[in-house]
Amino acid sequence: MEIAGIGILSWITFLPVVGMVVVLMLPKEKKDWLRWTALVVAALQVVLGAFLFMRFDRSLAGINTESGMQFLEKFSWIDVRSVSWFGRLHIEYFLGIDGISVVMVLLTALISFIAVISSWNIEKSLKGYFALFLLLDTGMMGVFVSLDFFLFYVFWEVMLLPMYFLIGVWGGPRREYAAIKFFLYTLLGSVLMLLAMIALYFSVNVYIDPAGGLHSLAEAARGMGQGWEKIYTFNMLAMMDPGNFVPGSLLAGVDTSMRYLAYGALFIAFAIKVPIFPFHTWLPDAHVEAPTPISVILAGVLLKMGTYGLLRISFPIFPDAMRHFAWELALLGVISMVYGALVAMAQTDFKKLIAYSSVSHMGIVVLGMSSMNTQGLTGAVFQMFNHGTITAMLFLIVGVIYDRAHTRGLNEFGGLMNQMPRYAGAMTVAFFAALGLPGLSGFISEMFSLLGAFQTFQTLTIIGAVTIVLTAGYMLWVLQRVFLGPLPEKWKDLTDMNGRETFMLATLGIIVIFFGIYPAPILNLMNSSLNTLAALLQHGAPAAMTSGM
Amino acid sequence: MAQDTLLTVALAVLLLPLAAFTVMIFAGKRLPRQGDWLSTSAIAAALILAGTVLYGKLTLYHADTLALNFTWIDFHDVPGLGPLRIVLGIALDNLTAIMLVVVTLISTLVHLFSIGYMGGDIRYSRYFAYLGLFSFSMLVIVLANNLFLLYVGWELVGICSYLLIGHWYEKKSASNAAIKAFVVNRVGDFGFFVGIAILFMTFHTFSLSEIFDGIRGGHLPFGSDWWLTVSGVLLFCGAVGKSAQFPLHVWLPDAMEGPTPVSALIHAATMVAAGVYLVARLFPIMTADALLVIAYIGAITAFIAATIAIAQNDIKKVLAYSTISQLGYMIMALGAGAYTAGFFHLVTHAMFKAGLFLGSGSVIHAMHNALHHADDHETDPQDIRNMGGLRAKMPVTFWTFVVFTLAISGVPLTSGFLSKDEILAGTLAFGSLTGHVIIPLTGFLVAGLTAFYMFRLVILTFLGEHKDANRITHVHESGLVMTLPLLVLAALSVFIFYSVDPSGFTPGWIARAVERPESTVPLRLAAPSAGVFEEVLGHVHLTAMLLSLSVAGLGMLAAFATYYWKKISADAVARALAPVHAFLLNKWYFDELYQAVVVNGVLGLAALLRWVDTWIVDGAVNGAGRVTRGVAFVSGKFDTYVVDGLVNFSAYLSGFFGLVLRKFQTGRVQTYVLFAVLGVMVFYFIFRLV
Amino acid sequence: MGSLGSFWNEFSAWLPHVQLAHFLIVSAILFALGIYAIATRRNAIMVLMGVELVLNAANINFIAFSRYSTDMNFDGQVAAIFVIILAAAEAAIGLAIVLNIYHRFQTVNVDEVSSLKE
Amino acid sequence: MQLFDVVFYVFALITILSGCVVVFSKNIIYAAFSLLFTFFGVAALYVLLHADFLAVTQILIYVGGILVLLLFGVMLTNNVISVEMKTGTIQAIPALIIVAIVAGTLAGLSYSTWKGVAVPAPGGPQTTTGTLGQMLMTSYVIPFEIASVVLLVALIGAAMTARRHRNS
Amino acid sequence: MSDHLLNDLSLFAPETAITLTLVAAILADLIFRRTPLVVAALVLAGFVVTGLLLLGQTGVNASIFTGMIAVDSFAVFFKTIVVLAGILVVVFSMESGELNSPGRKLGEYYALLCAAALGMMLMAGASNLLMMYIAIELSSLSSYLLSGYTREAPDSSEASLKYLIYGAVSSGLMLYGISLMYGLSGSLDLRAINRALPQVLSGGGAASFTLLIAGVLALAGFGYKISAVPFHFWTPDVYEGAPITITAFLSVASKAGGFAMMIRFFKVTFIDAGAVALPAGTWATLQGFHWVDLVAILAVLSMTIGNLVAVWQNNLKRLLAYSSIAHAGYMLTGVVVLSNQGLAAIMVYFGVYLFMNLGAFYCVMLIADKTGSEDIDEYKGIGGRSPFLAVALAVFLVSLTGLPPTAGFIGKLYLFAALINSGWTWLAIVAALNSVIALYYYVRVFRNMFLRTEEPSSPGITLSWLQNAALVVLLVPTLLLGLYFTPLVQLAQASVRLFGTP
């Protein structure tokens, strides 16, 4: 699948970089040119995303097999052939997607597109803004398409700095604090990930043939070709094969304390991103201070990177540790759910409330994932998508009102329902979706997450399900405080949404409703992948892992 | 008519209101007359189709269950389970067919009534749109053959209820009531959901018939009898919420903040009956213990609500509590095993209670106009103490109201007599079978109470003298669009539509169409079978009828004695029993209790956690932070000091150490030299020890 | 106590007969004195004197080891020569810098030359 | 105790005591002059260790070069006429403790490690000069050359600093 | 004999070249008094020639001048770092406002720079304790003079004096340590000491304690050169007081020499030649002296204290000084690892550190030349006024933090990899957490540059073409090596060979 000799995944990932270069070359004054460049790039990404969606083979599973991955691109990137004592360092530029990542790629393309539109009224140093924005876009996309851990890590980190600046320069009054908090938190997580990655690297051996193809040890045992060489690897898929672990290496074996430690390090890295209680406190600050489009990106895509990381890396590579800590994981998910909901309830700042609701909603994802069965995983991945669209809507909604009223105090509003009917319509869809109303996409994912989790952890799920009451409580309460009741005198002049705002919210709203009624198109994408993943998690290591050591 | 045709028509019944909703929500305002005709005709068409379906079903496929399924989500080959599909679909049995007609009928009448009642409302088209959505959602519940769709419809009717209760959201009380309704319902749904989760986990399907088959095959949740009962009770929780059963009944009276036709449709006839319908649907999986719980919950609800109704003065509140009480009746009936009677009462109650609400709506409408005319904004148009003597001014309303009242009180020749009588007989039979005599006792007591408070309502509203002669002159009978529905409902409150035999001894067509389904639970857990139950029922039927007639008569007599003939002074009684009266007037203090315990508890917890989040989780720094910064409290700028993070904490710590360490950098090189030498010696001694 | 006593007996027997360790101990004391001078004297020139003491101490070590090594190896002595040369160079540069400081600050008190800190 | 031992103790005492004066004296002139004795004492120890060339070098370079340099420094930076010749000490107490530990440790270690080494290496040339010269030209030629660079640097540096004084 | 000597001399060509440059610089200074640029150009050419001569030594593995100096790939690598740093610093110096004030001649400056470079190159190659001492002294003496070079600034003189005193003590301590080593082993040659040590250590307790204190004293000398805690105290003061060019040179070249020497000292002296059956590329240390733990503690202290104190600095030079202490700590972790992998990691780190650290100092210099201040508060709004310079500085700082896709990440990656692969997980965790702390103070600079509003009146900083070119030269490897680091890694892996080790 190539366009002009370059694979489609590379296109979708690096288009923003191209856009960034264009933006940097444009003169500062041509603000509309800058905006349109970004928009065109984002739109092209959506087009490519649509293309991926159509051409994606629903029957391939992916997860831990290369043959199951699609749109593969694989080139040798770094290849240091040298001394015996280090071995050959071979890092691949390895892109590919399966059912989990394709959903995230679509989400990223979509949310980026929306966020560009929502950036239209940003005036301050527009050039820098879009340059950073597009770099961020590449980072996010890259995380979801890379299958090489090293590459994954690079993309993961590439996204940090633009985010820091986007919050720090274009944010609210306490932007510096929020930005540095975000940066430090995330970096703390990622250095731990780095260590785990290195530990994995030195634990996994594969054979490389002269053409650069990798072969698992099992394959090599069946019949080694000429000039095959044993190397360590960053290849995630190789890491998922327990047979590739070097006996006696750091992470070899099953249920060893080192494996738990590495899993824990990865977990913290991802948990900070999700964020899972108690690593969540950067989120409210970052959200509150970030400008609207960045909040949208943050909630819509960035948080997903955490859960995606768990699904893509932690679970398949450490199924044993995952199983061992599944209950704890579920517990944290439940705490996030209930805690996030309760704290949200006590907020008076609109944006902060939504930020905490994100904690709660992402908790559902975590709970669903911890279930280790298809229903729960499906719910979780679908919830990732839905939370992306729904929370993006919610933040856009806050942005709309903030642009007009310059305040986000929940208690300062009221009665906007009549004043801004279109706005009210969008808001109704978003809020009802957030509280899990059937017919809207959030419901299905929450339902399956909980149903799946219930199979594995009855008591925890029951506790977690309390949030369906709490969420209804605070969401409707917000609705009441902002939209119902009499309209305060000072807001008599608020205008309804303009065409641009309506377009964004309508697009997302339609998606939310469509997938709420008929989720099959998106569930079909991930189904076989998640079945495979569930099987991997349930049955864990194939015989090679237990007997080979 | 072929099966497929029948199902297609049923599907059309389902989709017509949805189509109306879609058009109305987007284009309603731009249509002529804001599209009320569109909604009304859509639902009327649905009614006709529903009638066809009912006829076709009863005549052609009396004993069959027709189903239409489609695969909604295909999980393919799920590890550990094999192929898993989420199959959704609709099923058409007699119960469904009847419900279809009931729902569309009431809905059509309410639409009609609303044209008059809601005329001139600022959100007129929106109102009709929501009615359409509600009808659709309710039909989803009715038609669903699986728990998933049931739950979907369940939530959707909840949200419609929310939207419609909050229709006049400028009033804080209205939006509060809307939130309360939804959230309280969600509490019930929580149990419902867990119940579904248990069943799904056990059977990996949402389909009711498959679940029944599974249980019949001896496959129990967690392999335990107890869990079967629990899942039944949990599913029943949904009904507790939706049908406003004790202890979640508190939302329904508040829901009267919505427009009266909405109360009639949603909060009297259909949605609240969905709980009853749910229990009926799930009857086969209920164990004897679960049924007992259900019966008791129903009885308690019926009793509490009836007592409260006596002391209420708001016309709609009285009706609301009456609804709760009657719903308790139905639930109790189902719990007792009087399946058919319970369902039958659902149908008849739908007619006369909708009628009562619409009648009250007519009264309120008239009162409202009169007060408006008199430029009186103080007087409550819904307070029955401000009414009286409306009979002459509103004859149609009055006479239909009387019919409805007779029906609810169970006076012979009305539909209510038929259904209520059967319920009481059923409870009596249950009492004699199981020894739980409190159930029938409550049943009879509540029957008496019902007659009493309903007649109290009629007398205070329509009979006697009006309080304000000036005002009464401005009271007028409502227009045809409002009275017509009343007349229709009044007609439908007569026995003849349900059974040719007014005595109730020969079962009517509904009773024949709807038979108690076989229980699927293992025999050791099941309630006495239908056959056994019927037999006992036959023995006690006459007794029950006589008893019910006498208590109803007593109730009526008491009402007349107190409020019409004034032989007994209501005030004196109230004074004599002041604590009881206050207790009843304040609805057993449920709201206060919930406010104090649940609402404040949750909000308090939320506030506490917010505090914890900013202080402990996010602000572990502050213990230390305060020491250094001194007087965070005094400064009043609490937040600036408070909102720091764990990151700040570690940053603080590292900063602190940095601060201390940099003090070593004195600028005096000789000190550095000394440190270096000291360093050497320290290293030496440390490693010497190691 | 016994071990301390036996140590003392051994030590007092060892003390009068000059051997390698005697030189080393003198060197150690000289070394310590040098360090003390560097660390405490305020006058920069005194500090430089301390440095010379330290270097001398090391030289005593080198030469003593050279003398007492089994093969009379001269490496130590050569090292000492180089140390002396370097000490001279260091002293020259040190003095130049100190003079520079004196011109700049009008003092040679090291502790007064401490504007760079923290 | 033989003569060797007595001589050793005499010079060792001279070295250490004059060293003490250098370190503890309040007057910089006293200190500078007692440094002279220290250097002499060390030179004498070298003689005892059969390092005659080094003893001479010590006297020539240290006494003739370094000490004179230091004295010039003293003169240049102190007004000799004024009585302000005294220089105080700082942080004496902590330094004393640390330095005592250093001395104790080093002396103790030297004693315990080398207390058994009693016999000097046998023979060897009577004078060391020739051997040293040969070594400097063979195995130590590179250090020797580098040392010359060091001296060149010292020269440049001193000149640079000195010229700067003139400029300013 | 003379053949031998000639051969040795040919292998000594780079050092000879730099020595000749030194002499030439002095002469040129006397001849071309009016045109100081000539000296600069001459020295630059000298450094370049030295560099080219170094290239010719690729693959050599020899010991010259009777074991005084080793010419091996390891030494060549570090010499190259020194020479590259020298070239860049000469380029920096050519347009430094601080140095090129009217009426100042830079002849001695360049000559001393050559001398310092010579000393550092010798440090990299020295395989004899005496040679090491002389090399240290040569580089130190030149550095004392260089850091006191600017006459107007009293800070500069003060820095010079402090450096001198601290340096004298450190080298004195080291010398005493060397003398004890000599006493224990009877030799100054590292390999001879290595051969003698097992017998010494077998003798029992006292000798091993003496070896311990000798090692610790020697470590004081190394620690001072690489500014490791607790021998780091001079670093901030000297870095702040010295001319920025010299600070930059010290922070890279001096460290490079120090590390090379330290590694050679520990690896050659304490290698257990008798150990068998070790995996390729790893080696064992002699029992009886736990220098590995010692260095590990030194590493932890250096990075932690360096980072923590850096948080509080307001002067950017001083901040970078503490950051360089912390970086020394990171690199020390590589010494802890007893394998070629650790050495390679240090070298990779150095290859990267050269560019990023010099780059950071260069940016600071360019800004200070304009604003006259190194205070972080003065950096407000620079991002708006001089975007290229600010972005360049940001890239260097990001790289120092160790975030991808910059080269600094590769350095960290290799160090962590070496640590984890050899089981030093806790050390890796400490190092990783430290890089989070480091972010905190680097970000302060970003914040002032980009987040704080600029004062509209302040003019932008215009750079000459040479300065722009120099920035680009530093910027390109900093970014490129982050994405494609094969050459650097190959070079490092090829350079782990130390003469006299298996």
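As written, the chains take the letters A, B, C, D and E, and residue 1 is the first residue of each chain.
Keep in mind that, in the parts below, a contact is a pair of C-beta atoms (placed from the backbone, for glycine too) under 8 Å apart; a residue touches a chain by one contact, two chains touch by 3 or more.
What you are looking at is a predicted structure, and each value in this text was computed from that prediction instead of being measured.
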| item | value |
| --- | --- |
| Common touching chains of chain E and chain D | B, C |
| Chain of greatest Cα-centre distance to chain A | D |
| By mean Cα position, the chain sitting nearest the middle | A |
| Chain of greatest Cα-centre distance to chain E | B |
| Selected interface, B-C versus B-D, where C-beta contact pairs are more numerous | B-C |
| Between chain C and chain B, distance of the C-alpha-averaged centres to the nearest whole Å | 95 |
| Centre distance in Å when chain B and chain E are each reduced to the mean of their C-alpha atoms | 77 |
| Distance from the mean Cα position of chain E to that of chain A, given in whole angstrom | 42 |
| Set of chain E residues in contact with two or more other chains | 130, 134, 137, 141, 144-145, 148, 161-162, 165, 169, 173, 176, 183, 209, 213, 236-237, 312, 440 |
| Residues within chain B bordering two or more other chains | 651, 662, 665, 667-671, 673-674, 677-678, 684 |
| Touching two or more other chains - residues of chain D | 90-91, 95, 98-99, 102, 105-106, 110, 113-114, 140, 143, 147, 150, 153-154, 157, 160-161, 164, 168 |
| In contact (per the touch rule at the top): chain pairs | A-B, A-E, B-C, B-D, B-E, C-D, C-E, D-E |
| Interfacial residue positions of chain A with respect to chain B in the complex | 181, 184-185, 188, 277-278, 280-282, 285, 339, 342-347, 373-375, 378, 415, 417-418, 432, 436-439, 443, 447, 450-451, 454-455, 461-462, 465-466, 468-470, 472-474, 476-477, 480, 483-486, 518-520, 523-524, 527-528, 531, 534-535, 538-539 |
| Chain B contact footprint on chain D (complex, rising order) | 90-91, 94-95, 98-99, 101-102, 105 |
| Chain D contact footprint on chain C (complex, rising order) | 10-11, 14, 16-37, 39-46, 48-50, 52-53, 56, 59-60, 63-64, 66-74, 77-78, 80-82, 84-93, 95-100, 102-103, 108-109, 111 |
| Chain C partner contacts - residues on chain D that touch it in the complex | 1-2, 4-5, 8-9, 12, 15-16, 19-20, 22-23, 28, 31-32, 35, 38-39, 42, 45-46, 49-51, 53-54, 57-58, 61-62, 65-66, 69-70, 72-74, 76-78, 87-92, 95-96, 98-100, 102-103, 106-107, 110-111, 113-115, 117-124, 128, 131-132, 135-136, 140, 143-144, 147, 150-151, 153-155, 157-158, 160-162, 164-165, 168 |
| Residues of chain E that touch chain C when the two form their complex | 130, 133-134, 137, 141, 144-145, 148, 154-155, 157-162, 164-165, 168-169, 172-173, 175-176, 178-180, 182-183, 186-188, 236-237, 240-241, 312 |
